[in-house]
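Order of writing sets the chain letters: A, B, C, D, E and F. Residues in each chain are counted from 1.
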Amino acid sequence: MATVQVERRELTLAEKLYIPEVVRGLVVTTRQMLKNAFGKKDVATIQYPEVKKVYPDRFRGRHRLTTREDGTVRCVACMLCSTACPAKCIHIVAGDRGGADVEKYPISFEIDLLVCVYCGFCEEACPCDAIRMDSGRHPLPSFSRDKQRIHKVQLLEDGVRSIARQGGEGT
Amino acid sequence: MPTMTIDGQEITVDRGTTVLQAATQLGIDIPTFCYHPGLTIVANCRMCLVDTNKSPKPLPACHATAMDGMEVWTQNEKVQKVRKSVLEFILVNHPVDCPICDQAGECVLQDHYFNFSAQPSRLFHRKQHKPKAKVLGPDIMLDAERCILCTRCVRFCDEIAKTPQLTVVNRGEHSEITTFPGEELDNPYAINVVDICPVGALTSRDFRFQTRVWFLQTGRSVCPECSKGCTIRVDTFEGVPRRYKPAHNPQVNDWWMCDTGRLSYSDYLDNRMEGPTTTVDGKRRVADTESAVRGAVEILRKEGAGKVVVVVSPWFTNEDAYLTARLLKGPLSGAAVYMGGRPDGVQDDILIEADKNPNRRGVAEIFNAVGVSYAPLSALSTAGKTTALIFGDNHGLSDAQRDLLGGLDHRIVVGAFMTPLWRQATVFLPARIHWEKDGSFTNVDGVVQRLERVVKAAATAKSDGWYSMKMGYALGGGYRFDTPGAVFDALCHDVPGFAGMSYSRLGDHGMVLGSGEPPLVPSPDVATDGPALEAAP
Amino acid sequence: MDPNYAPYVPVVIIGILVVGLAAVILLANRFLGPRRTTREKAIPYESGVDPVSTPRQRFSVKFYMTAMLFLIFDLEVVFIYPWAARYSEFLRDNAFAPIAFWGMMFFVTILSLGLLYEWKRGAMDWE
Amino acid sequence: MSQAVIDAVKARFPEAVEETHAWRGDDTLVIARDFLVDVCRFLKDDPAMDFKMPIDVCGVDYLGHRTPRFEVVYHLYSVTKRHRVRLKVRVSEDDCRVPTVTTVWKGVNWYEREAWDMYGVVFEGHPKLERILMYEEFEGHPLRKDYPQRGYQLLMPMPTLMDR
Amino acid sequence: MSMGELILWGLVKFVCIVLGWVMLVATVLTLMERKQSAAMQNRVGPNRALIFGKKFPLSAFLGQILADALKVLFKEDYEPVNGNKWLHRIAPALGLIPAMLMWLVIPFGPGPPPGVEGHHWFQMADLNVGIIFIFAIASMSVYGATIGAWASNSAFSLLGGLRTAAQMISYEVTLGLSLVGIFMIYGSVQLNDIIWAQGDMAWGIVTQPLAFVLFMVAAVAETKRAPFDLPEAESELAAGYFTEYSSMRFAVFSLGEFIGIVAVAAIAACVFLGGWQIPWVETPLLADGTVDYGWLTVAQVAIFLVKMVFIIWLQMQIRWTLPRFRYDQLMKLGWVYLLPLAIFNLVITALVMYVLR
Amino acid sequence: MAVALDPNEKLAKQDDHLHSEYMTVAMGPSHPATHGTMQMILTLDGETVVDADVKIGYLHRGFEKMAEVVQYNQVIPYTDRLNYVSPLCNNVGYSLAVEKALGIDVPDRCKYIRMICCEISRVTDHLTALGAGALELGGFTPFLYAVQAREELWNVVEELTGARMTTSYTRVGGLRHDLTDTFEASYRHAHAEVVRLMVDVDKLLTRNRIFYDRMAGVGAISAEDAVDFGFSGPCLRSTGVDYDVRVAAPYLHYDRVEFDVPVGSTGDNYDRYLCRLAEITQSFRIIDQCFAQMEPGPVNVDDWTVVLPPKEQVYNTIEGMIAHFKLVMEGVKVPSGEVYSYTEAGNGELGYYIVSDGSGRPWRVKVRPPCFSMMQALRPMIVGSLLADIVPTFDTINMIGGEIDR
């Protein structure tokens, strides 16, 4: 660990004459140009609608709800996600399913994507593996605010079946 | 008078005091499940075990009585270990139910586990299964798996409700709470068992899955369903009351309240009328508050006080009553005054009173002190009258009375709900209801208690007293107050029974009429000029 | 037609056409483009706030200095052109060559001295 | 680490120090308001202290927790000695004034403006005590605990310099 | 030629050269610059206007140009309040017209050799003042920018306008002086003559290397391109003198700029790179001394185009490589370095010629 | 330092009859040069800046007020938006502050991961500053090269945290995730790319006279003034003061890695540029050492009252479920008291002053943004220079609207 002085040289005469350094710069940019035009491409741009970026596994995209083996929504409307949400964008109304093993379920599950900050706290707070942000889809724009309030149906559209064990049974 | 030491602090207590009570006096918290100050002690949960010098084994603090020279440690390693073990045992068969359990957030088991254990499970085995979502009565659901068998509910039914309906059956880990065969948990105080259940075993069917408790905003209020005036908490979510909970008040209701009162909140959620209307050229029009009040005042001024019938309500807060009394004593003196209110109903000797109006005592006290005389509504007569000024809308009017009033030229109605009166009103002034206004009620025993404004009313709705004040001012008997507190101060100044009270002195438990010390400083004179402020009391 | 001016006829014609072209392009936009003027659009850009000052004022004197420098030197340069175009012819005339060379050297020296003077006086330093 | 700083200030200004603590290793001095500038000067100029760098100045509102209600907190650092100290001055709501220390460090200028903007603590003698984060027409001081979290105010149009 | 023929040929050349050649090149340039800079910067550049579908990716070029043109045509053309309306309207034209007029004297194909009478088919007007006409016209283009800036009634525009004026007049002196050596060596100010002379002797870049550098620097400064783009330095002045311009007016400004770039490239190609001369290829002459217009002419026009495109490419490459100067550095460079160097070049040329006579 | 001349004095120097009028121009809030929203009301004499009134607050969003009503962990997404170019530094700084108040220490592996995060963020921050600096001077190509390099690093960040900028990666007492299996390989790839691109940027800028003349000697500040203004980070070090929090008060495991602190001498723009360039190399050194020293292990503290239990435990045991519920419902309970915790962020000392009242929500969170101090020195640094000099000076100070306005 040391303190070092940054190397700072005065310009040499050649550098003061502009031309050599300009040429050096031109060499860099021309090389890059020729490379991109003819050779191995070094292009960073992704041609979006045709080519889609491959998001990493942890990418926090649009939310989705998972289902149980029987296809019912896994969420039990415990509302921890809306509690943990710093933006307060999740609105759930709980209902009684009656009869079933887990009698509570969300009658309505609504996320306002315009308010959401995609922090992933809901996913982290969910005690049932019911809400996930691993859909790999980023939110799309729309022409009305209402369309950005997505409901249970949309959230279940690309929902997956969660196979996480729950309830400590069978251990 | 034994003297003992708890966590190094010395205390002298009365003979017979338990260690738990002594610790509470010192401000030391000892966790409990089965102990409830209103019930008998059974010491079956073992959560309150503390280490003492009087016994090699830890003693239950709720049951152990204080002894002279006793030393108690509530925090030492032994106690902590014991607590962890107790919690571990309790949790062995506890289902992983927090997400669907209504109790989560106010669950004593959650609190104690988190505060005193917070360690991973060591046991991996199949949990014991018991009935879930079992209907115990019209208002109660039981989840026997969640039950920790503290038997508070059983004791409550035996001791407080005096209707033994619950019991524990089976043994060991098969034990469960249930009703006696053929019985239902349907006593008038049944929902109190939900309050005292430390976990989510007993839940209210009314509140079931409504919302999560940690989202609730809460405020203190008074149950208006009978003249007992139980102290309650109004819990609201998104601005809508979702439940009543009794609040501890040794002067009135201890820890309890009746189911009728508890479930009454939903009666006030629908049918609200929050827009003022006036009648112009025989047609009903939506108006703004200002012009509606002006319309009412014009009628009253044109007709004169002598032609007016006034129906007052025992649902007034004390403040409303005082302001209305000032109106009736002042600009409207000479009007015939009748006291309405809901008719009497059932009563018992626990909490329920026959008089189903919350503030009859307070209104009477104030009207008498100000000097307004009134007759009961049953004596209603409209002879020689042209105008009715009706406060409140739950008076139980008979058809005949309604016809009488309908025969008058004008009816100025101050009400909150869609009732036949609303249809008859010439001028309708929307009122606030009890959880929408600051104020106070006086119960049948003379206990004056505060109401807090828990819910924000529509901007057009004002309290009855505010209308009285506005009308009084417009009719030339000007007086004004900026806040309900100021009204109450003036009221305490003018009404002998209230002497010495103020909002801050009422505190959590209220004060009994006549018990207040006279105020050291007389309350300020009431301003009688200047415009009435828009700030609604 | 005077042959000296004949080459300028296209200049005039094309000049007119170019002006016409510019006018057509600009006018076409006037008819094709929308017109929805609002106050916000109409106020001059000043970083998103209402303008804090008017640009209708005397601007810095230093810009005038540059303009004067230009006037002087541009005129000098114009003097050089005819000489430059005929210089190779001058050189072929042995007698006139030294005059052509030294005469211009003299002129250029004065020009350079002027430039040097301006430089030393600081006309070229912004500060 | 820098208990020495506390001791030195205590020795030098015995009547100025109202309270000290070092919770989690942060040495803290609560200074009487009247001594603030003197203490700051001492801390900056004394070679053993050498607090040449002002790190931070901020207000804290302890409404409902303690009186006097406000605290102005100064964090100082010494580049050469590599020690830190926290100074606190307590002011009440009625007398919400603190002498400025812009005369000691140039770098506290904006921090004091911010504390004024957010809490309404007046820094007496500050060269330009204007709002810094809020707009000029804003009413009240947003970080006070009695300012509502969602206190909407009408956003005023920007006045131009020409209007002024 | 009769007056009628003159007018007829004027019209034909206007259509072919101005509309079909200058405007087209300038328009293509707008896209070329974007594509070139994209390639330099590891980007893709505009490729969305596929008017014939995805199967023809090259159609993006045509589509993009069309789309750009249509876009500016259909955009709103607003005028700043309190500005001078008429000056604001005509300023873009003042920028465009001189840039187009510069093309009057630029020959992009062989014409009659010096001393031979004849019509120059690849030049709009065979003026005897030659390149001096270009200087005269070019110095007028400062008006467009300055007037536009003044008429906009905006502080940033005004600053941009002032910078434009100062910069353009400063570099004009160097621009003029840098070519004096060329005039001396090739003995003419007419581009046609200079090109012929270069075929006889050597190209300007060989005889006047310093002048080439000076000319290029000054010319880039004249066209207000980086590193001399101070008048529109977006980081300080938003967009400089055309901050307040939109739609077609803005497009006309930049069209003028691009035509200027092409013109500079054409002049440089004529003066320093031998114009339409192909190295080691003699231009055959007919009996009357005029050029034999054959296939060689096509090749010569093509080689002129290649030279020109190379210079344009170089300008673009420089523009996207370098940061920009500061105002005082720019002035210093112009007056303290370039102008003395130009004078030095003049003196040395004169001296060498005098010694070698 | 560049003199802060009194405008009147400046005026008096000129001949009375030749004076021109000063022009007042509002630069900002919406101006190409003010990346990050702020305003300078400039008084210009031609091209010379006579006076400048620097105004901030256009991006004020009440961070500190919001932090007072949410739980400790819920503040973390807000910290992403402080210095949005290096969000991980803010995450780490905030978590360290809360952990200091809690009096807990995170596991070694967590510390190394946090260091890697911090250094990657520092590099992205510096790359942005360098690139934007070139852009401000008209060099669009080096800017895009720098941004391309930054994107490479953000790809790595995205793989690790699930987002490029709004990372929200740390938690009180640990991290959201451990490293991914491919993380080191991704980082190596990105590192190579960054080095390759930075060679080009260096060639295009560092020794180019146009760039040199624009940067050298412009916006200089003396060491004394810099300290007096509360400078930190590269801006302070460019003046020759070797204050670096990582060395002066090592946090995490910065005392276990070898790295140099590059300092400048004159405190001008060029020195700041060189310091940032040199620090990028040092950051990569630190990251390499972290990878070498890191060992497998837990990344969260073993305390369910601070960090959420593992999901397996939450789903299947009532103990885990209760702890999870309590933490989500009430937040981490921090004992009452006050701490000031500081870290070296991209711009300098990023401090968090946290006052706790013992509940799950902070009573007060004060952020000490590094560029706040620097920005107050902007006026003296630009007054007297040319209009065009504002831009590189403003850039090398590297104001970030998110953290200065909060």
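Methods note: contacts are C-beta pairs under 8 Å (C-beta built on N, C-alpha and C of every residue); 3 or more make two chains touch, one makes a residue touch a chain.
Worth saying up front: this structure is predicted, and the values here are computed from it rather than measured.
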Tell me which chains count as touching both chain C and chain D.
F
What is the minimum number of touch steps required to go from chain A to chain D?
2
Name the chain whose C-alpha centroid is most distant from the C-alpha centroid of chain A.
C
Ranking chain pairs by contacts, what comes out on top?
C-E
Hey, which chain is the most central one here, using CA centres?
F
Using mean CA coordinates as chain centres, what's the chain A-chain C distance in Å?
57
In angstrom, rounded to a whole number, how far apart do the mean CA points of chain B and chain D lie?
46
How far is the middle of chain D from the middle of chain F, if each middle is the mean of its Cα atoms, in Å?
24
Hunt down the residues of chain F that sit against at least two other chains at once, touch-wise.
23-27, 31, 41, 44, 46-47, 141, 148, 204, 208, 210, 315-318, 321, 324-325, 329, 386
Sites on chain B at which at least two other chains make contact
95-96, 98-99, 104, 214
Specify, in ascending order, the residues of chain D that touch 2 or more different other chains.
161
Residues of chain E touching chain F in the complex
37, 40-43, 155-156, 158-159, 162, 226-227, 229-230, 233-236, 238, 320-329
Which residues, counting only chain F, touch chain C once they are in their complex?
18-21, 23-31, 34, 39, 41, 44-48, 386
Hey, which residues of chain F end up touching chain B in the complex?
303-305, 309, 313, 315-326, 329-330
Taking the touch rule as given, give the residues of chain D at its contact with chain F in the complex, in rising order.
23-24, 26, 28, 52-56, 58, 60-61, 65, 73, 75, 79, 82, 84, 86, 105-111, 118, 131-135, 142-143, 145, 147, 149, 161
Complex contact set, residues of chain F against chain E
23-25, 27, 31-33, 44, 46-47, 134-141, 144-145, 148, 204-205, 208, 210-211, 213-214, 386-391
